[in-house]
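A, B, C and D are the chain letters, set down in written order, and residue numbers restart from 1 in every chain.
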Amino acid sequence: MLPELIAIRRQIHQNPELSNHETATSRLVFEFLEKCGLSPEYIFENVGVTALIRGGQPGKTIAYRADMDALPLDEKTGLDFTSQNPGCMHACGHDIHTTVLLGAAKVLSQNKSRLKGNVRLIFQGGEENFTGAKRAITKGVLLDPPVNFILAMHTWPDLPAGTVGLKKGAMMASSSNVSFEITGSGGHAAHPHRSIDPVLVSAYTMTAIQSIIARNIAPVDSAVITFGKLTAGTASNVIPSTARAEGTVRTLSVETDRRIEEKLRLIVENQAASFGATGELTFQKVCGPVINHTPVIEVLEQSGKQSIGSENLRWLETPSMGSEDFSFYLEKVPGALIRLGTANQEEQSRLPLHNSGILFDENSIKTGVLFMAQGIVDLLLQL
Amino acid sequence: MLPELIAIRRQIHQNPELSNHETATSRLVFEFLEKCGLSPEYIFENVGVTALIRGGQPGKTIAYRADMDALPLDEKTGLDFTSQNPGCMHACGHDIHTTVLLGAAKVLSQNKSRLKGNVRLIFQGGEENFTGAKRAITKGVLLDPPVNFILAMHTWPDLPAGTVGLKKGAMMASSSNVSFEITGSGGHAAHPHRSIDPVLVSAYTMTAIQSIIARNIAPVDSAVITFGKLTAGTASNVIPSTARAEGTVRTLSVETDRRIEEKLRLIVENQAASFGATGELTFQKVCGPVINHTPVIEVLEQSGKQSIGSENLRWLETPSMGSEDFSFYLEKVPGALIRLGTANQEEQSRLPLHNSGILFDENSIKTGVLFMAQGIVDLLLQL
Amino acid sequence: MLPELIAIRRQIHQNPELSNHETATSRLVFEFLEKCGLSPEYIFENVGVTALIRGGQPGKTIAYRADMDALPLDEKTGLDFTSQNPGCMHACGHDIHTTVLLGAAKVLSQNKSRLKGNVRLIFQGGEENFTGAKRAITKGVLLDPPVNFILAMHTWPDLPAGTVGLKKGAMMASSSNVSFEITGSGGHAAHPHRSIDPVLVSAYTMTAIQSIIARNIAPVDSAVITFGKLTAGTASNVIPSTARAEGTVRTLSVETDRRIEEKLRLIVENQAASFGATGELTFQKVCGPVINHTPVIEVLEQSGKQSIGSENLRWLETPSMGSEDFSFYLEKVPGALIRLGTANQEEQSRLPLHNSGILFDENSIKTGVLFMAQGIVDLLLQL
Amino acid sequence: MLPELIAIRRQIHQNPELSNHETATSRLVFEFLEKCGLSPEYIFENVGVTALIRGGQPGKTIAYRADMDALPLDEKTGLDFTSQNPGCMHACGHDIHTTVLLGAAKVLSQNKSRLKGNVRLIFQGGEENFTGAKRAITKGVLLDPPVNFILAMHTWPDLPAGTVGLKKGAMMASSSNVSFEITGSGGHAAHPHRSIDPVLVSAYTMTAIQSIIARNIAPVDSAVITFGKLTAGTASNVIPSTARAEGTVRTLSVETDRRIEEKLRLIVENQAASFGATGELTFQKVCGPVINHTPVIEVLEQSGKQSIGSENLRWLETPSMGSEDFSFYLEKVPGALIRLGTANQEEQSRLPLHNSGILFDENSIKTGVLFMAQGIVDLLLQL
């Protein structure tokens, strides 16, 4: 089956599609699933595909989700099957994710009589812009029959192809958009005492914010507050009336996210008040953290020892501070995101994700299919 | 003579010209001076006029400068003789300045036989953009014969028409353009430890700069450091590689200016170094402070008691933190800038300079001519 | 009379007394005034002396106050008549002040028939600890007859002996004691997230306070906020629950004092709130500013031209940021503090006040007596 | 054997001894080991005991260390066998540690013929002041025969009695003493421009230091910088010449420790330079981090499943930011520190370590002996 899957992966790679425009990929998936004897459905018009594999025995339902969208990059890999769409490239491995799920779908549907329960396949678009998971959930992918656990697999250039990376608990970070605006009172640069200078207030606020990570978050917890943008004023000799900063917050738990929002609000409002200005914080969740469910990981560990060998199971020591819209599913049902090693001897295979030169070892596809198909079988049996 | 001067003032007011484009005003001045029997010359092509009144007795030479340019504002005074040039208005009283100098020129040239020395008349363009004084000096207005002292008179809506404001020592502030740029090393918002965040460094730098005025400048001295503009980054989730602030520095002495530049450089460079970044300060003089020469003021005080009455002399308690390109002349020869009261019962006459609705009481013209003509006579006699 | 006055000054200098313990000096003064034919009274038990010179003609009453206390210093001048009291020295010139007032008292009482009004003499103790003026006022020294104006003279090593320094308006600064205490919540150094760290809050507060002088006080106004003491915590590895700072505030007007108190309170309370702590400001007036009454100075200027010559009158450009309890009298009646030059060729005479090696030129006594006696005569005539 | 061990534990608990004065405890240990047929030796005069159990078969040598010192606290447990030494209490469970090691020593020496290798017993004093481990190493406890691995067990009130807590990798934090001193130039509070104010510099430095944890340490790493003490100045109205802060740094790796030291030095020196002051950092290691050796933990996990049951093995999710002088041994040989659960139904048993009311469930002794004795047997067999 591997040659077939590699061919599919290359076809997807060569024809990448941006978030929420994955129509060709969706059609390819749709037709493959039909050939597997399944009854696929589009999730949202022609974007996104879902199908159910009903097992021979009654049991729980496990969902397995793959994301399908590419990134707005010009591919620089030098591959034969390089992207045909300028400004669009599968640099985050979603082509591999889709292919592995197709492979698992084929294996599982061929063996569905032996499944103790059902498998919900979710081929999702729009991951990179954090819209796809929310939309798919709204369309009911977790409902009929109710999904009990959900899995996802993501390529990982820090691990060699052939291996799988596991971690209990915190796996990926939440992401929130944060901004604050300081409103003072503008005036002539030569008469600061007649103004309330928001430039200065924003600077004091920015330094005060450093205390949150340094002093208010447990040292053994992990979080980031970054303000990538600070803008105030338009002329060197005019005190403006507002200053504005925009940033992002990353955490590994909803509690830490709440704590940071609360501390940021306290600082922004009271720093402004310190100087007679007003400060307003805006804190908007982009997505929650990915927290792997320990019992799921424990079953997958045992399962993986059989499917790919214990020498190919790797424990990840630390979470990634990156984010994934897979977290929206985890807010509904427990589950796990698994890392799929994709590195090999070539240096390009160890470039970071989202790099326009990154290569993914295609042997990882086999490892992914074996691990996930067996894992689903075992989870249905044991959980 | 007053009706004639008022007519001239209104003509100038109705036909305002922007900095370095004061050709019509210059022609008007030129022709008036010719009628006074003087031999005027254009300073720079058709902009700016100068003439010498040779006194009947040998003595020193005193220059008297008026500025002639208007501001890029739409006039909103409601006057009959409101500006005919949209986007151009005499809102800083330079029409009055020019008129008073014409009046003084006429009086002094009529009485030149009694003058102990000479009077150099300077009708200067380009004050508002700080180019005119420098240019006029380059053209030699202070040289033939060498000027010993220089005077200027400036309208002042804080004093009533009929009065003149005097001050010894510091009268107006120097002005310098200042900016700093912090160069760090950009990166992904989720991995701050791999970057050097210039947004944060600029914030710490901004707070540190407050210590200069608060701790390094003598409490009885006066200075301002304002950064009206701070810009860093373009995306909330990307740490940029640079941050930049732009501002202005005002002082009342060259020594304080030097001290502030030195302290700013120390802070910008070392704050950046504190965080592994580099900081670069740019400090550019726009103009120096206006410092009135005490002996000149003392003669003018006595002279003014006679010309306008001691009840119409006002001592200004504090300097203005605004700036004037008259300071360029004062770097060459001692002198004084005198305030001419222009307020009356009308509220509009007490609006701040540069306001598009400001009115100037025309009776001030008489006061100005009397005070300055007599003052020049007395200065030539006594200094 | 000068040799007699110099002898008195040396006797006082040799027998200095600390604040509120000026009993021997008071007795000396008391006896001298009796010899002048006056009826002195002790102000408070045996400390402080007051007497009234009733003029021959009806008129206003002018008070003239001298302070008499010494400083807790070991004298290091090398004088023949050096202090006999170890740890006590007239290093602020109060011995001169007392002597000049005695001289003026003698002159004025000898000429009292020609006085148009009365002179209230106030020899006050306890200036250095800011208690004496308050106490003397409570004892009624300004009441019987009601005092219309009050004068004081203070030695000044920045001016040569023979001269007197005048200034209109702000002359010396107000002084207030200020402190703030931050209350957080202590804990183990290794678990900052379980504490609210007041050390850090006090640091942020201290940096925020810099903005007051830098941005909230007019550049042409003068003020100082200094925190000389900051203490927090007792062990390096324990987060304490409080931090405390103590300082002083100097201003030249009551309005500026109020503005600084208000801004400090805003900052202390809101900086603390920024970090979940509480901040409390204490602001206690020590004394107000010394503001010289312009009409008094103008009479004294004319008077001084006659008594000591216009070449010996000096205009002080800036106020001193030091403080004086003479300000308590000025809150009740207008008046002026005059500087008495005491420097000569000797370097020691140009040391700062309160220095244990400072010398005061005794010729200043004559200048002081002449200037003040004549000034009082003229003020009674003209105001 | 448990009743005997409990009696020993109570005897030790009732007779606590402060660091480096554990003579009675050492004698008790010495005599017990003699009764076990071992040849104990004092490590340092009468403080600290070591003995070797030679196994029947050749193999590696595993050390097992217990610490014996108590804390300077007044015990408030209400126990029958409460401390007889006022101001001295076993509030960190070292009495339990010593007892468990005695129990393990007895079990292992009874079964020494079956041991594949040797066991080095180390009863160490002076843990609480971080002197004992260093001293014991100097005395050669790891040398004869060379120790291959070392173990320690520490009580843990967060886990129930009967359980053992395991963790791979970072287990406890390093600790360093850190201080900085800012030297400026003192002066009168009213003339800040003539001084360099170290109070203010220390405040700016303290705020800048927050950026290290917030921005320079990887979010998934853990570290603490706490300055528990900040002192500057003695009088509110005198600018002092120095300010000083003292604190502690905790990290989980030597690399992070180095990075923090480097960043602190950069900040302290350059913040001071920003304001014309000098800053000096002192950074002194107290002890390194405790990093558990993964292969040792993996053998102990399997071994523990047999000795106490897998239901009694707990994986600790996060390291503790506390410190242990056991880390000095780990700098020489690999090993592991294991947590011993001591909580039960009583609330007092869940108080934090070092609390004067804390109770330790004595059933933990049995669990500790079983786990450690079996663990050592298995480690000798498998590593």
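Everything below uses one rule, namely that a contact is a pair of C-beta atoms (placed from the backbone, for glycine too) under 8 Å apart; a residue touches a chain by one contact, two chains touch by 3 or more.
Computed from a predicted structure; not experimentally measured.
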Note = Per the touch definition, the chains contacting both subunit B and subunit C are A, D
Ask   = Between chain pairs B-D and A-B, which one is joined by a greater number of C-beta pairs in contact?
value = A-B
Note = In whole angstrom, the CA-centroid distance of subunit A from subunit D equals 39
Request  = Indicate the whole-number Å distance between the mean C-alpha point of subunit B and the mean C-alpha point of subunit D.
outcome  = 71
Task = Let me have the rounded angstrom distance from the C-alpha centre of subunit A over to the C-alpha centre of subunit B, please.
result = 60
Subunit C residues counted as touching two or more neighbouring chains = 190-192, 197, 200, 204, 207-208, 210-211, 214-215, 219, 224, 250, 321
Key: In the complex with subunit D, residue positions of subunit C that touch it   = 173, 177-179, 189-192, 197, 199-200, 202-207, 210, 224, 226-240, 243, 245-248, 250, 321-323
Query = Any idea which subunit A residues touch subunit C in the complex?
reply = 190-193, 195, 197, 200, 204, 207-208, 211, 214-219, 221, 263, 266-267, 270-271, 273-276
Inquiry  = Quick check on the complex: what are the subunit D residues that touch subunit A?
reply    = 169, 207-208, 210-215, 219-220, 222-225, 250, 317-319, 321
